[in-house]
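Common to both upcoming complexes is chain A, partnered first by chain B, then by chain C.
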Partner chain A sequence: MSYLKEKLLSSFIAFEEQKNVDSYVHGIRTKAIKKFEQEGFPTKKLENWKYTSLKKAINYDYKLFPNQSEVLEFRDIKKYLIDDIESYKIIFVDGKYCSHLSETTHDGMDICILSSALTQSKYDLIIENYFDKISKKDGITSLNTAFSSEGSYIHIPKNIQVDKPIQIIHFSTGKNESVMFQPRNLIVVDENSHLEIIERFQSINENSVFVNSVSEIYCNKKSIVKHYKIQNDNKNASLVDNTFVSQERNSSYSLHTFSFGGELTRNNLNIFQNGERIESFIRGITIIGENQHVDHNTLIHHKKPNCESYQDYKGIYYDNSVGVFNGRVLVEKEAQKTNAFQANNNVLLSDKSVINTKPQLEIFADDVKCSHGCTVGQLDKSALFYLRSRGIPKKEAMALLMYGFANKVLASVNIPEVKARVNKIIAKKLGVKMGFDI
Partner chain B sequence: MSKYTEDDLKKELETKEYEYGFYTDIESDTLPMGLNEEIIVAISKKKEEPEWMTKWRLDAFKKWKEMKEPEWANVKYEKPDLQKISYYSAPSNKPKYNSLDEVDPELLETFKKLGISVNEQKKLAGVAVDVVIDSVSVATSFKDTLSEKGIIFCSMNEAIKKHPELVKKYIGTVVPKTDNYYAALNSAVFSDGSFCYIPKGVKCPMELSTYFRINEAGTGQFERTLVVADKGSYVSYLEGCSAPSRDENQLHAAVVELVALDDAEIKYSTVQNWFPGDSKGKGGVFNFVTKRGVCENNAKISWTQVETGSAVTWKYPSCILKGKNSVGEFYSIAVTNNFQQADTGTKMIHIGENSRSTIISKGISAGKSQNSYRGLVHISPRAKNSRNFSQCDSLLIGNKCGAHTFPYIETKNQSAQIEHEATTSKIGEDQIFYCNQRGIDTERAIALIVNGFSKEVLNKLPMEFAVEAQKLLEISLEGSVG
Partner chain C sequence: MLQIKDIHAKIEEKSILNGINLEIKPGEVHAIMGPNGSGKSTLASVITGKEEYEITKGDILFEKESLEDVSPEERAHKGIFMSFQYPIEIPGVTITNFLKTAINETKKARGEKEMSAKDMLKMLREKSNMLEIDGKFLSRSINDGFSGGEKKRNEIFQMAMLEPKLAILDETDSGLDIDALKIVANGVNKLRSKKNAIMVITHYQRLLDYIVPDYVHVLFDGKIVKSGTKDLALELEEKGYDWIKEELKK
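For the complex of A and B:
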C-alpha cells in the first residue's frame, strides 16, 4: 500500500470527527472511504489508466489539511482571473473558501459554497437528490467523495438566465510544503436556465500540489450550460479532474478544456444523456512540452433517441511530452437516431513526444450515425514554406499554422474575453507575439 | 400452383443453416481427455518427434500453467474446460498415402462435400492443398511440382523430421511460445499443421492452401502453421476451415507464423467458416487464434480474412514491420449473426523506417451478435516516416446486435502520419426500397448491399476464394431480415 493511501485512510477518522456524524453525507463518505480502501489509486493495469501513471504524483508526502498560511490579496490573483468582465467569483485558497476575494449570491439563485450547503437544512432536499448520484464509484472518485467538504455549490432555479459567468478558482499556496486537496463541486441547473462557468486550478508557488477534483453537473430539461476549463498550472502540479454531467431532455452542455500546464493532467469526463433531443459538445486544445503529460478520458453515454454528441480534441506536443486521448461513445439499444461524432487530431513536434489515442465506439442501436476520425501528423511543409518565402520567420510561421490547427476549437468559445485569454496563453506557450486576434 | 409460403421459406432456412455441418464417420485415433505432461510427451511420441521438440513443448506447457486466460476481449462465453478436451485426434488409417487412391474413400467423400475434392482441385484450379482433419495433415497435393522449384510444402510433423534446421530456426520466433495463454497452450500440444518454405527469389507458381476441419467430438484443434519466404520470394497462401454441427463448444487454438525475409512477399488469405452454433446460440467453435508475421527490409505481408463462422472469435492477425520500407496490410470482413461474437482486428507494429500499413476492416452484425474491431497501430521511436491508414466500417442489421470499435494508436515518432476513421451505419431503407422497386426482393437486396459494402476486401482475395466468400456472406446473413 502506498504511503499516501495509508495516510489518507488514517486521517479520515480525524476528518470525519469534525463533521456532523448524523448528516446524510456521513453515510456516503463512510461508504466511499471503504471503496477507496479496496480499490486504492488507479494503476496502469486498469484499462482506463493504461497510458497514465499516478505513481509519481502520489509519491510526495502531501499535507492533507493545510493551514491557510498566506492571505492572498486581490492583486496577487488578479492575473489569474479573467478580470475584464463582470462575473461571480468563488475563490478557494488551499481548499478553504476565501470570502473577501469572492463574489457570491443568494438572490433568486444560489451561487455559494458546498460546506454551507452541506450544513444548512434548507439545502437538504437538493443535497439528498443530487449529491453523489452520478459520480463513478471507482477508487479515485471515491477518495474525493470521502473527503468532500468544500467546493462550489451552484443551484439555478427555473427560467433564469444567469447574468454573468461564474469563475471558480482554486489557489494553492502551501508554504514550503506539498499539499493535496480535494474540491467537490455540485452544480444543478433547473429547467430552461442558462449558466456559464469558468474553472481553473492554480498554484502560486513551486511546491508540489496534487488536486483530485470531482464535479457533478445536472442539466435539467431545456437548460443550457457552457463550461470552460483552463488548465495552465505550474510545472509541479498534478491534477485529476473528474467531471460528471447528467443531462435531461432538450438540454445542451458544452465544455472546452484548455490544457497547457501542469506536470500531469488527467481529465475524466463522463456525460450521461438521459432524455431525448440532447446535445453535448466537448472540445479541447492541448499544447504541452517538456515532461508534461495530459490525458483526456471521455465517455458519452447515449441512452435515449434523437440525441447528438460532438467531440473535437486537438493536441500539439513538444519535447518529451505525452498526450493521451481515450474517447468512448456508448450508444444503447434504445438510442436510435443518435448522431455521434468524434475527432482527435494531433501534431507531434519532437522525436521524443508520444501520443496514445484510443477513440472507441460501442454501438447497440442500428439506426445511428456514428463516426470517428483520428490523425497524427506534422505541420504542412509546403504551407510552412509558403509563409517563410513571404518573410515570416520559422517560429512565427509554425505558430501561425498551429493557431490555424487549433482555431476550430477556439472559434466556438463564445465569451470573447475567455478567447482572448486563451489566445494569450497559447502565444506565450508557443513563444511568439501575435499581432492579431483570432 | 401451390404457394411458396413463409413457412416453407422458414423451413428451408432452418435446414440450410450450416451446409458444412456433417460428421464423417472415420475411425480415429484419439488420446484420452485431459492435459498434463504425460499427454504432451505422448503427443510428441506419437508424432515421432526429436527430443528438442518434446522439450520445447514441455517448456511451453510449464509457462502456460502460470498464465491466466485473458479476459479483456469484448466477448462473453463459458470458458472451455481444458481438462475435458482430447488433445490429439487423428484419422487412424495411417501411415501416409502415396496417392489419393489409397485414401480412405469416406475421407474423399468428405472432401467432395466440402467442394474441395482434392482431385478436381488438382486439375482445375491448380491449387496445392494440405488438408488437416482434427489437426493432423492427411493429404498434401502437388508436392512434386513444388519440390522442383525447391519449395517445401508439407505437414509440420514432416517438416520437423525432414527439415529440422529450418523449423528450429524459425518456429516460435514470431509468436513466442509464451506470447499469450492460447499460443502457449498451442505450443505445448499442437498436433500438426502446415509448413511452407519458399527459397530465395522463387515465385511460387500456384496458390498454396490448407484446409482445416474438426471432426471428432470433444476434441480441440491445435494446429500450427509456419510460412517462411526467403529473400525475394513470393507466395500466396489460403486457409479454409469448417467443423460439424455439435451441441457442445469446440475449441480451436491455432498459431500462424509468417516470416518474410528481405524483399519477400506473403499473401495470407483466410476464409473462416467454423460452425457458428445454431440459431439459439448453442454449440459452435471457440476460435482463439494467434496469427503474426514479421517483415524484414522491403518485405510485405498481406492478411486477408473473411470471418463468417465460430461462436466466439478472438483473432488479431498482426504484422511486425521490422525492416525498412516494409509493408503490412490487413483486409477483413467479419460477419456475425444469431449469437455469434467476434473480437477481431490487427496489430501493426512499426519498427523500421518508412514502413507503411493499411487496415481495412468491415464488420457486419445481424441477429443478436456482437462484433468488435480491436486494433493497435504502434509507431516506435525509430520508425521514421512511417505511415498508417485505417478504416473500420460497421454495418448493423436489426437492433439487437452491436458493433464496437476499439482502436489503439500509440505514436512515438514525430514524422509518422496516421489516419484512422470509423463509421457505423445501417442499411438504408431507401437503398432497399430502390432495389425492391426494381424487382429485387429484400433478402437479395441485403446481399447485394453487403457485397458492395465489403467489395474493397473481397477484391483482395484470390479469385476462387472470392466467389466462395461471396456465397458465404449470403448464407451467413440469410434470415437476418425482419
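For the complex of A and C:
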C-alpha cells in the first residue's frame, strides 16, 4: 500500500469526526472510503490508465488538511482572474473558502459553497437528489467523495439566464509543504436556465500540489451550460479533474479545456445524455513541453434518440512531453439518429514528444451518423517557408502556424475576454510577443 | 541591386543550377524564360533562401552584400519578395493577421516604428481596392479554399502591402484568366519605379505584354543560354525552345 493511501485512510476518521455523522452525506463518505481502500489509486494496469501513471504524483508526503493558509489579497490573485468582465467568483485558498475575494449570491439562485449546502437543512432536497448520483464509483473519484466537504455549490432554478459568468478558482499556497486537495463541485441548472462557468486551479508557489477534483453538473431540460477549464498551473502541480455531466432533453452543454500548465493533468470527462435532442460539445487545446503530461479521457454516453455530440481536441507537443487522448463514444441501441463527431489532431514538434491517441466508438444502434479521426503530424515546412519569406521570423512563424492549427477550437469560445486570455497564455507558452486577434 | 555570380545549386544530390550569372539593376525588369525543368523556380527559391537547396558554388549579392547564411525572413526584411508559383494554404490564419505580423516584424527588424492599426487598415483598403479584392477576402484564412486565380491575386496583394525592392514573380500568370492577368499586371506595374526591380519567371509571352521587360533571359539546363530584349520573348513564343537547343548543339 502506498504511503499516501495509508495516510488518507488513517486520517479519514479524524476528518469525519468533525462532521455530523447523522447526515445523509456521512453514509456516502463512509461507503466511498471503503471503495478507495479496496481500489486505491489507479495504476497503469487499468486499461483506462494505460498511458498515465500517478506514481510520481502520489509519492509526496502531502499535507492533507493544511490548517494555516496564507492570506491572499486581490492583488495576489488578480492575474489569475479574468478581471476585465463582471463575474461571480467563488475563491478557495488551500481548500478553504475565501469570502473576501469571492462574490456569491443567494438572490433567486444559489451561487455559493458546498460546505454550507451540506450542513444547512434547506439544501437537503438538492443534496439528496443530486449529490454523488452520477460520479463514478472508482478509486480516485471515491477518494474525493470520502473527503468531500468543500467546493462550489451552484443551483440555478428554472428560467434564469445567469447575468454573468461564474469563476471558480482554487488557489494553493502551501508555504513550506506539499498539499493535497479534494475539491468537490455540485452544479444544478434547472429547466430553461443558462449558465457560464470558468474554472481554474492555481498554485502560488513552487511546492508540490496534488488536486483530485470532482464536479457533478446537472443540465436539466432545455438548459444551456457553457464551461471553460483553464489548466495553466505551475510545474509542481498534478491535477486529476473528474467531471460528470448529466443532461436532460433539449439541453446543451459545451466545454473547452485549455491545458498548458502543470506537470501532470488527467481529465476524466463523462457526459450522460438521458433525453432526446441533447447537444454536447467538448473541445480542447493542449500545448505542452518539457516533461509535462496531459491526458484527456472522455466518454459521451448516448442513451436516447436524436442527440448530437461533437468533440474536437487539438494538441501540440514539444520537448519530452506526453499527450493522451482516449475518447469513447457509446451509442446505445435506443439512441437512433445519433450524430456523433470526434476529431483529435496532434502536432509533434520534437523527436521525443509522444501522443497516444485512441478513439473508441461503440455503437449498438443501426441508424446513426458517427465519425472520428485522429491525425499526428508536424508543422508544414513549406508553410513555414512561406511565412518566413514574408518577413516573419521562424519562431513567430511557427507560433502563427500553431495558432492556425488550434484556431477552430479557440474561435468557438463565446466570451471574448476568455478568448483573449487564452490567446495571451498561448503566446507566452510559445515564447512570442505577438497579438493575435483571431 | 542583385548580382548572381556563377551560382551552382543542388537539391538531394541533384544539381539543378550550373553556373548562373545575372545582374539586375534598380528600375529594371528581367524576364526569365525556359522549358520545364530548366531551373527557373530553383533560381527564385535560391534567391529567397529556401533551405532545401544547397549552394555548392558561387554567390548572390543583394545591394552588394552576400546572401550566404541569410535567413529567408532576413532576406524579406532587406526587401526581397517572391510571388509563389504554388501559394501555400494556411487554414486558421487570416490574411489580415498574417500581413499585420509580416509588416510589423519587418519594421521591427529594420528598427522602424510599428504601423498603427489605423494606418494598417487604410493601407489594406487601398491595396485591396487597387487589386479589385473584396474586403471580405481579408478575413479569410490564407489561400484556404481559394481558386488558382485568387491565390495569385493574393500573392500580388501581399507584394503591394510589403512594398519590396526586388519582386520575383514565379509563374504568376499561370492559372489567371485574361481579366485577372490585367489586374495583376496593373498591380505589379504600380510598384515599378526607378528604385525597384522585378524578375518575372514565365513560360508565356502573354504576361510580358503587360509587364514589359527590359531584358529576357533563356534558362536551359541550369544555365542562362541566351539573353536579349523583349523581342526574344516574341521569338520564343513563335518558334518554341527547340531552335535554342539546336543552336546549343552547334
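FYI, the second predicted complex is superposed on the first by the 436 of 438 C-alpha atoms of A that agree within 3 Å, B and C clash if a C-alpha of one lies under 4 Å from a C-alpha of the other, contacts with A are read in each partner's own complex, and residues count from 1 in each chain.
By definition in this document, a contact is a pair of C-beta atoms (placed from the backbone, for glycine too) under 8 Å apart; a residue touches a chain by one contact, two chains touch by 3 or more.
All of these numbers come straight from a predicted model, not from anything done at the bench.
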item: Chain A as common anchor, with chain B and chain C clashing or fitting; value: fit
item: Contacts of A:Lys333 with chain B and chain C, given as first, second, both or neither; value: first
item: Partner chain(s) touched by A:Gln120 [first = chain B, second = chain C, both, neither]; value: neither
item: Touched partner set for A:Cys374, first chain B, second chain C, both or neither; value: first
item: First, second, both or neither for A:Asp366, with chain B first and chain C second; value: first
item: Which superposed partner A:Asp351 touches (first chain B, second chain C, both, neither); value: first
item: Closest approach of chain C to chain B (Cα atoms, Å); value: 16
item: Chain B to chain A touching residues, read off their complex; value: 72, 379, 381, 394, 396-426
item: Residue ranges of chain A in contact with chain C within the complex; value: 380, 382-383, 385-394, 396-397, 400-401, 403-408, 434, 436-438
item: Complex interface listing, chain C residues touching chain A; value: 48-51, 71-73, 75-77, 81-82, 84, 87-88, 90-94, 97-99, 101-103, 105-106, 109, 141, 158, 162
item: Contacting residues of chain A [partner chain B, same complex]; value: 47, 51, 333, 336, 346, 348-378
